[in-house]
Amino acid sequence: MKKTVRHRVPGTSPGAYDIAPVRAVQHAHVEVSDYTATTLTAQSSDIELLDSPQPTSGVRWIHVAGTPSMEVLDKLRKLYGLDPLALEDVVNLGQRPKFNEYQTMLFVTLLIPDHAEAGRFEQLSVFANARTVISFHDGTPGLLDPIRKRLASDSSRMRRNDGCYLLYALIDLGIDHLFPVIDGIGGEISALEAEVLERPRRNALARLHEIRNRLLVYRRTAWATREILSDLFRHLDSSDEDRTYLRPYLQDCHDHIVSVIDLLETHREVATSLVEVYLSLVSNRLNETMRVLTLIATLFIPPTFIVGVYGMNFDRDAGPWSMPELGWPFGYVGVMAFIGVMMVGMLIYFRIKRWI
Amino acid sequence: MKKTVRHRVPGTSPGAYDIAPVRAVQHAHVEVSDYTATTLTAQSSDIELLDSPQPTSGVRWIHVAGTPSMEVLDKLRKLYGLDPLALEDVVNLGQRPKFNEYQTMLFVTLLIPDHAEAGRFEQLSVFANARTVISFHDGTPGLLDPIRKRLASDSSRMRRNDGCYLLYALIDLGIDHLFPVIDGIGGEISALEAEVLERPRRNALARLHEIRNRLLVYRRTAWATREILSDLFRHLDSSDEDRTYLRPYLQDCHDHIVSVIDLLETHREVATSLVEVYLSLVSNRLNETMRVLTLIATLFIPPTFIVGVYGMNFDRDAGPWSMPELGWPFGYVGVMAFIGVMMVGMLIYFRIKRWI
Amino acid sequence: MKKTVRHRVPGTSPGAYDIAPVRAVQHAHVEVSDYTATTLTAQSSDIELLDSPQPTSGVRWIHVAGTPSMEVLDKLRKLYGLDPLALEDVVNLGQRPKFNEYQTMLFVTLLIPDHAEAGRFEQLSVFANARTVISFHDGTPGLLDPIRKRLASDSSRMRRNDGCYLLYALIDLGIDHLFPVIDGIGGEISALEAEVLERPRRNALARLHEIRNRLLVYRRTAWATREILSDLFRHLDSSDEDRTYLRPYLQDCHDHIVSVIDLLETHREVATSLVEVYLSLVSNRLNETMRVLTLIATLFIPPTFIVGVYGMNFDRDAGPWSMPELGWPFGYVGVMAFIGVMMVGMLIYFRIKRWI
Amino acid sequence: MKKTVRHRVPGTSPGAYDIAPVRAVQHAHVEVSDYTATTLTAQSSDIELLDSPQPTSGVRWIHVAGTPSMEVLDKLRKLYGLDPLALEDVVNLGQRPKFNEYQTMLFVTLLIPDHAEAGRFEQLSVFANARTVISFHDGTPGLLDPIRKRLASDSSRMRRNDGCYLLYALIDLGIDHLFPVIDGIGGEISALEAEVLERPRRNALARLHEIRNRLLVYRRTAWATREILSDLFRHLDSSDEDRTYLRPYLQDCHDHIVSVIDLLETHREVATSLVEVYLSLVSNRLNETMRVLTLIATLFIPPTFIVGVYGMNFDRDAGPWSMPELGWPFGYVGVMAFIGVMMVGMLIYFRIKRWI
Amino acid sequence: MKKTVRHRVPGTSPGAYDIAPVRAVQHAHVEVSDYTATTLTAQSSDIELLDSPQPTSGVRWIHVAGTPSMEVLDKLRKLYGLDPLALEDVVNLGQRPKFNEYQTMLFVTLLIPDHAEAGRFEQLSVFANARTVISFHDGTPGLLDPIRKRLASDSSRMRRNDGCYLLYALIDLGIDHLFPVIDGIGGEISALEAEVLERPRRNALARLHEIRNRLLVYRRTAWATREILSDLFRHLDSSDEDRTYLRPYLQDCHDHIVSVIDLLETHREVATSLVEVYLSLVSNRLNETMRVLTLIATLFIPPTFIVGVYGMNFDRDAGPWSMPELGWPFGYVGVMAFIGVMMVGMLIYFRIKRWI
């Protein structure tokens, strides 16, 4: 249930993206790709690339991998008029997925599940307009490789469309990464379900608790992602530029995220129901244990009292009423027979009551 | 709680309906029916049929039963301008029921309960406009027989209306198939209810858990189907073509799906309440067991102590205070009488406390 | 939790009101009343009545009591242009309360609680426009007597208004019938509440469960009835005819149904809370039982061990360490005193711990 | 959970305010106050007052205290055109708080908590327009004294404004009366909280249940009152007369009722959480009791068995294997030492297991 | 769960900010700052300052620290036309966060968590328009120091914008103060989580209950703060003055408060799930204890009965059937062997049943 959000100190000025102290050494890696339907140039690794003039047509995609240096951020801010408030969100990890519409560019922050550590996310921040896309990602290398590969193909739809299509492709990538994670949780729940119904181990509930916490985290992310898509739809409707070609793609994304939410809600309800099943099985087991105890105690405590009676040392010579049974020839056999009958009777009674 | 959704690999291009690897051998079966109010020609089984020119009036219904081959999909895409995103949904089973409005055709994906296996669905995908309906169904043969039969009747309303009426009829069919399934669940709940209140078996809760999981699955489907109808209403209102004649039929469908949802919610609440009843009965039973144990123990443990006292072997000759009771003529009778009185007293006390 | 809904076979044509097989013998009873502010003619029992020409002014109310024959339905359909979809709802009992607006008439289906059997409803279906009201009711005779009585009075508001006022009066009647039923449930809950807090009987939870199921059923009906009223308001607002005079009456109805829903929700929450109280009292009782057991066991088990020690038969002649206590003059008294002190000490300890 | 609502008999005509049978003797008390910014005449106790002509400027406030007679109601209805449906609500106590807009007057029914009896309300019904306010109140005398006092002051805002301000002042009074009641409940919950966490008494849960029921009743009233304010806002917006001066006052009222609802919701959640705490403490206590029992039983039952062994009466002369221990010089000491070691060992084991 | 709200006496006139009786001695401290983009004069501590004429350009910020005297309130009311209803909210602490739009000024009441006492708030009330900001704060000194510091910097955005930017900065400050508090609660929950799963202490549930109560309080505040921001957005949209420059800043605030709410909801759900885990662990522990008891009792009670049998004192001389076993040479060994076998058998049985 850990979540590291780097908060601002209360009262600091908004948009202060330069205050993070952990920035001494940086290893950001800048890649610049210019593409049109027919051409693609991709260069990487040097900050001077940013100064290269953008071709008059086509899209420029600038991707910053790793923690960006102040220099890179400042340069991008100046070149593309990025809003400091948005840049603050780029460097302060642990944001909620969100969408903002700035004057020149759309800004989207996505959380992509970190497959290495359950319940954690990597942040992918994207600025986009028709001509330019700027993305930031500080996490698993290779996350964007499928995008690069599609971009490399001349026949790809990405090459034929503007920067907003690339934005869509990145959002779609983020949503696609949720499915395996949620399937994983579904598998864990199914396994726990089988175990609980079969023979629950002691930590079953702790594991269920942990799974439910994880579901909470993913649910929060999925809902926020859904909001992003709703905001994008609203933006499409009110935008001056005609981007209706995007609508079916975003609709498809929306359908996917709704599926994700559906699955999460189902998993949540199954997990909740499973807790009840578990608790009831524990109760049942207690019941069974107690029944055994009660059976044994009920069967043996009364006979023990009876044999105790004839273990008393009253002086048979004291008078005719002083334990005369001890002298009867069939006293012992009689007592044992009485006890035997009593026990059998009890067993029959328990059988009728269905305790056995 | 199994659910097989065939996911895309994250980052793959949208609309890639051609990537499913399980497509080596296919047995899709194509049926083409052309009908007007007065005529009906139905042919089946050959892919060339698709190339036959559509009559200038009336509706053409193309039904693809089984897993469609790439060839069929491509041909249909080209002939009718189907959207690749929609075709992807056709071949990727395990979708949510959904409605999309494409330029030339409406697209609806329905989930129809699989009567052979509780909690599973078959997918029925339909493209429709006024002149053409294309449906895909990979599951129980004969599902659409009632539709075919109605179509065969000259007096049927289906023959007199356009393709959207056929779309409506297919949706209505899907909703009608939910009722028997939900009635079945209702029957299972009633049976469990009777059993739980009478004499619950040990797996009652596990069965309740399983039923609740199934209800979750059907609920999700029913809500999504309701959304489809709302979307269709919205489409009717905004559409250029006049299809107000459809409104009462869709309203009827809507009323049915709302009934389904109502029933599902009621079943859910009854099941939840039943879990509480079950848990409380288990507690009650534990209580009863414990009361028996306590009665026995309380009745016999103190007397056992008393007879233990007179079983001690202190030497009566050691002095006048060394167990003189053992020599009293009525010592034995007195002790037994005391024990008897004590036990009767306890029974009366328990009776007053209503433990017996 | 029984609910008999007569489903259609999946795939049958909509509006097939003629398919119910139980229709061999029928005893429907047709009453026709024509009324204006000053005149009232009421005739009954003959199907030919329907053919009598309707007076040029005033309202005609046709009431069909009992299961209508196909002949009656067909005649009414032709005379008044009733929609087959609506007629299907008339003959298929077990509908949800609902409102539909057809071209010539409004159609409302109401569920009226059956006072003879808790949790069941009778269906009252009404078609209405300004000049004509057609109602169907297959249940308790005399349900509509209060309406007939008001209609018989020359000064009644019903006589002065059009057919929609009669529709309102029938809806109002239906809502009014909910109050006594819900009050009855409220009384049952109060009685159970008193019993649970006093001395719960074993079936208390089963009865609570049954009451909650009934509340569910009434709640569903009440919400659907509320929707009918909202739809009627919307119809009033959009209708061409001026029927604003109806608004305060419908508002009054709406206030009543909201009161009903309020009461139902309150009853539901009280019942839910009562379940918790019951479970906790069961737990408390278990606690009490266990405390008694523990007290007895803790008081008597250690002394029983001690007297057991002195009941051992070690040979006192074997040596000086072999049970010399048995020969001490005050050995017996000492042991008994020790046991006495021990028991009193325990009692004091329990008292301090507040177990007694 | 008692609630007396006087229902109409199903099917009676709406607006029948004259049907209540309990009306033989009445003691209604009529007060008429005419006020302008500078003048105030207040007269009381006579029905003829109603006939006195209303001054051409200023507001007339007619207050009917106690159960109104038919004569008063009829006169008011004729003089001011009151709607019979509203008058029915005036005489039928136990309504929900509600707002209705009639042609000439606004009508508001308020529920004011009865401080003498928890969970019950007094009804205050108010008709109001710019020139006239008619209020009915059948309950605690002196409820309106603060209003009268403010009215008596020449500088009061009430005197300078129209009748709607008086309506606002009465609503505000009703809301203000909710605060002390809810604070009282808050205090009860805090006291119960302290008691439950300290040493719960047996009826704690019954009291919690009763408090939750009361919260339900107040919540229902508070939500309905909030709706009244929303309706008034909507009326203000759509009204022809300019009464924007009222807006901040109503906003203030709205803020207060939202605070009330907030407090009620918080109390509800705290009470629910408290139930869980209580149940868990009961479980904990059971656990503790059982641990003591288990300790005692585990410590003493095995030794009791051992001493029982040496209390057996086998004939030592029967052979060398017949209880030779009884003749060993250190047999007794050995057995006692063995038992002592066993018990100490168990205590250490329990200590390690943290049961002590 | 304490909450001190100073209520008005029911029926008192609205806007009576002068009625609080606790106002004999006051120590309010007035600071006046006039600033433009280039100049800043800040003076403090004297009430006459308020009379100093405001410069013709720039913003005047009046901050009243501590409980304001009647004199100050009156003066401010006259100078700036503050609404008495708002001033009543300023002096009555314990309000809900709220936003009101008065004719000349916006009014916002904020609750800022009191870091010294968990679950309590300090109130910060702000009136603002383009030229003037008046704030009231009666609590921790130094709360506004970060704002003062930013204001002191010539390059600060605050200096370049109008009074509404200062209002925004104060709201942002309030929201920022929620994060550390909620992080603190998150930490407490994580610690409790670890403890509960490891070895719960007895007061774990009481602490969870207390944390949940605190979460309730913060949630209420956070939702109300979110409403303030929505109201401000609506005000921005409908306002005549162009303040669109504020939109991204308010959006940023909104994102933050949504994050806060998200965290609170997550914490709440985790806490709820933790209660279930705790209860289940208590049940598990009870189960374990009972199993030990049952094992011991089942192992030793039957043997104790057997040895009791041979401790009976029946007279072996009474006849051949009177305890002949006592004279058998291997009687003792046989009995002990039988008991040994029985106990081992039981242990094996328990092992199979997995009770050990």
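For reference, chains read A, B, C, D and E in written order, and residue numbers begin at 1 within each chain.
Assume a residue touches a chain if its C-beta (ideal position, glycine included) is under 8 Å from a C-beta of that chain, and two chains touch if they have at least 3 such contacts.
Source: prediction; values computed, not measured.
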Fill in the blank from the handout: Per the touch definition, the chains contacting both chain B and chain E are A
Fill in the blank from the handout: Contacts shared by chain A with chain D include exactly E
Fill in the blank from the handout: For chain C and chain D, the touch-path distance in steps comes out at 1
Exercise for the section: Please work out the Cα centroid separation of chain B and chain C, and write it as a whole number of Å. Expected result: 25
Fill in the blank from the handout: Chain centres from averaged Cα atoms put chain B and chain D apart, in whole Å, by 40
Exercise for the section: Indicate the residues of chain D shared as contacts by at least two other chains. Expected result: 279, 283, 286, 290, 293, 297, 301, 304, 308, 311-313, 323
Handout entry: Of all residues in chain D, those that touch chain E in their complex
Key = 145-147, 149-150, 156-157, 172-173, 176-177, 179-180, 183, 186, 189-190, 193, 197, 248-249, 251-252, 255, 258-259, 262-263, 266, 269-270, 273-274, 276-277, 279-281, 283-284, 286-287, 290-291, 293-294, 297-298, 301-302, 304-305, 308-309, 311-315, 318-323, 354-355
Practice task
Could you please specify the touching residues of chain B with respect to chain A in the complex?
Solution key: 1-3, 5, 7-14, 83, 85, 95-96, 98, 100, 102, 199, 202, 205-206, 209, 212-213, 216-217, 220, 275, 278-279, 282-283, 285-286, 289-290, 292-293, 296-297, 300-301, 303-304, 307-308, 310-313, 316, 323, 325-333, 335-336
